[in-house]
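Which chain is which? They are A, B and C, in the order written, and residues in each are numbered from 1.
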């Protein structure tokens, strides 16, 4: 009978633990409630009418307000962390993310992933893992489907490397693939005064740049509370004792926190862009720390009609978030790289009434 | 086709943008849920039994626990900010605020305002805007009705001033106007042990002063979380980058935060004053910052029976909140002005069982 | 007619105010909602599948997910504070705590206590009060029953001391008394992948020690938000103005906060120990302050079958929490006392599927 140290606590998977094609069922399904919605509101401050008021959602054709698209995303993402990225060096990006079903309070979300890419780094200390992850509701319907790259440490630099597999992923989600999670909107019942803006889909011009003006300062308690709500247990977000001794000296804020802040700030200029239909690509350019103030601006990259729908149209948007730098002059590239204030470069599709 | 800066993000209205009599429908109706109630509890710490326990509320005649009166107030107030006070210099006060319908989890609140007063300041840099605002539920019933003065910057000092209109508002809400939101209470089922105090309406004496004893220190994360829950987007509460360069050098805490803290502290001494029926007037005397500790004391200004009701009576209360100063000696006036520790002077009517 | 200072605000009971055998009905029953569950999740980060997902709970035999056992405990405990421990010097410990009914969102909890022990300290400045407290739901069913010792100040050192009564309490809850709050589990439907671990009751060995690996740093806003959610109004947790002048110079974090953090950390190694059936004893060894990082490890003290049940078995666990010290080497005793990093020594029974 063993007495003494146990191996029952999991330290997370390392690069050499992943196999191409393997499927991972992630732990801890999670029931989303109005409690999550209130907390999401309180931490990120979204003001899109459709997610805020059941009356508004019902008027335009939803059974009630769905939860914020990004709340559903963060919960699904959070489940993947324990299996995929507990030993990550860096979260490299997302691609081909589609929102396929609206999520409502009362739904239970679970997640699974398949390994679709593996490539050891030249230094043999780590490698890039690419997974396709899916979030499902309690009826087994896929609500979110996305690909993600992450750089994961090796346990043992000498462990043999798998053959490199680099998946081909689309630069952007096709317009035809948008809108599955959005029922036909009763356009006549969409109240622009209650929504906060008269600006419709057709009013946006390709190339138009919108400064979202406001800034929001992030506190340690806020990002910890949000990230735990998502059951994301990545260590770098919570443990000042160890992070204080690390490279950054600080707890690192979950990248998704920045995405949600930027989306909420974008209400000022994109108030009627009520649904994120897809994320084409997202990159965390620089880390965010507590005490920093986040600003954001957006550029309209494309404006596309949806086949067979005259109720809503799609806008492809690039939203750039910065820290400690207002965005009146739209900071973005700086020579070959990014302006040093940029922390997020997000390319996504939103739907807005026509 | 325009490419480049957009004018779709709103910078808020300035003094010269307001017209006497104009009606503003505010954006983003909001469904109030048990999530809001839990967060309100967690941030402010109220312990009034009627709002805390469905069983207690049902026993005395409510269908279930309504939400805290001030939670409803803050949500309604929050909607007015984007249209009224985004460019405010100072929030000058409230008057004639009546709570007309109980608000329950599941209700959706919306808000509108009418401009009832305008007066440019002598320096022509700003002016006082007075609005009457109303919050409605999903059935169109007015739940809260109040007047508010705010000093708003001018965009252009040379813009012509409107004729001055100064509305006449009552110094206090009439006793006859109280109680609409409170059903007839089953007095025999009002359990004083569960409510936390044997002290009834008739036990209070006019002129009696009550030190609420406890103090509560406010953190940045707390006031930001609460103020965002109310969808109040006033910039001074959230943006340390810009506020750090401003006059105060700090984020300013939403004045309503102080009102809710003072109300929660007042449980110790006013445990059976379970409903705020009206706010006669409220003034924010000095700003509150994170790290400050709030104390409060109350004076009974009047004790009045309600016509035709022997279940509950009304108490007119002045609650004074201070920062970093206990209230055992009831700090209030200091010569012509206020004691320097005073931050709030609130005059309101509460109902308590007889 | 009195005008002037009132005695309506309560300063809390002192040692000489307690009488052996007296029964205290505590104020402010509280309805527990999905809002509380979301906040508890967001503050403490539990990942046990049964409390996280209604689908998981239903599959194994619950009507839906009950709330975390410790959330129910903290709410019941919180109600006792105003009557028992407002003038406490120290919270000495718990014993014989049994969880007797599952608590679900929608339930309303109330609490009462009986004084079962009193012993003045030799210095006559304070004394030990021992109470047995019970939490009930809206049907009057006892959901939690526990004993607690607390050292309470005397108002007047010269007040006469009661005869000393020291209750006999069991060192541990009997195995036969476990399991009342846990329905028969559909073992075949208990999905180990979704639960996050293949380790079952029989896999644990007596004497086995598990390092839960992760650490979590606590912020002032977090513990204040949680402790207010529990309506625990002990002054030491909230008032920096007075605590800053006190012995510790800091707000003291509610001991229950540490218990919940340690329980959540213990998921990594005890993922299938889904229910706390009893707490045999709990001692807060040292105070925790904001900014500290909490770690935890556990030892299996006993593994016992439950009479007549082949679905779940009981594990007696000692969980030790430390501050600012990882637990890979299982810090515990240090000579006659505790390792200086230890802040909690908790001895409890959990149930896990067989």
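Definition applied: a contact is a pair of C-beta atoms (placed from the backbone, for glycine too) under 8 Å apart; a residue touches a chain by one contact, two chains touch by 3 or more.
None of these values were measured; they are calculated from a predicted model.
Asks: Give a one-word verdict, same or different, on whether subunit A and subunit C use largely identical residue numbers at their interface, taking over half shared as same.
Replies: different
Asks: Given that subunit A is a copy of subunit B, what angle of rotation, in degrees and a multiple of 5, matches their CA positions?
Replies: An angle of 120 degrees brings one copy onto the other.
Asks: Counting in whole Å, what is the centre-to-centre distance of subunit A and subunit C, each centre being its mean C-alpha position?
Replies: One centre to the other, that is 36 Å.
Asks: By the touch rule stated above, which residues of subunit C touch at least two different other chains?
Replies: Counting only residues that touch two or more other chains, subunit C contributes 33-36, 38-39, 105, 219-222, 225.
Asks: Over in the complex, which subunit C residues touch subunit A? Could you list them?
Replies: My answer: residues 33-39, 41-45, 47-49, 52-56, 65, 105, 193-197, 199, 203-217, 219-222, 225, 268-271, 291, 293, 295, 324, 326, 330.
Asks: Within the complex, which stretch of subunit A touches subunit C?
Replies: Result: residues 1-6, 8-11, 25, 27-31, 33-36, 38-39, 82, 105, 108, 110, 138, 219-222, 224-226, 228-229, 231, 233, 235, 238-242, 251 of subunit A touch subunit C.
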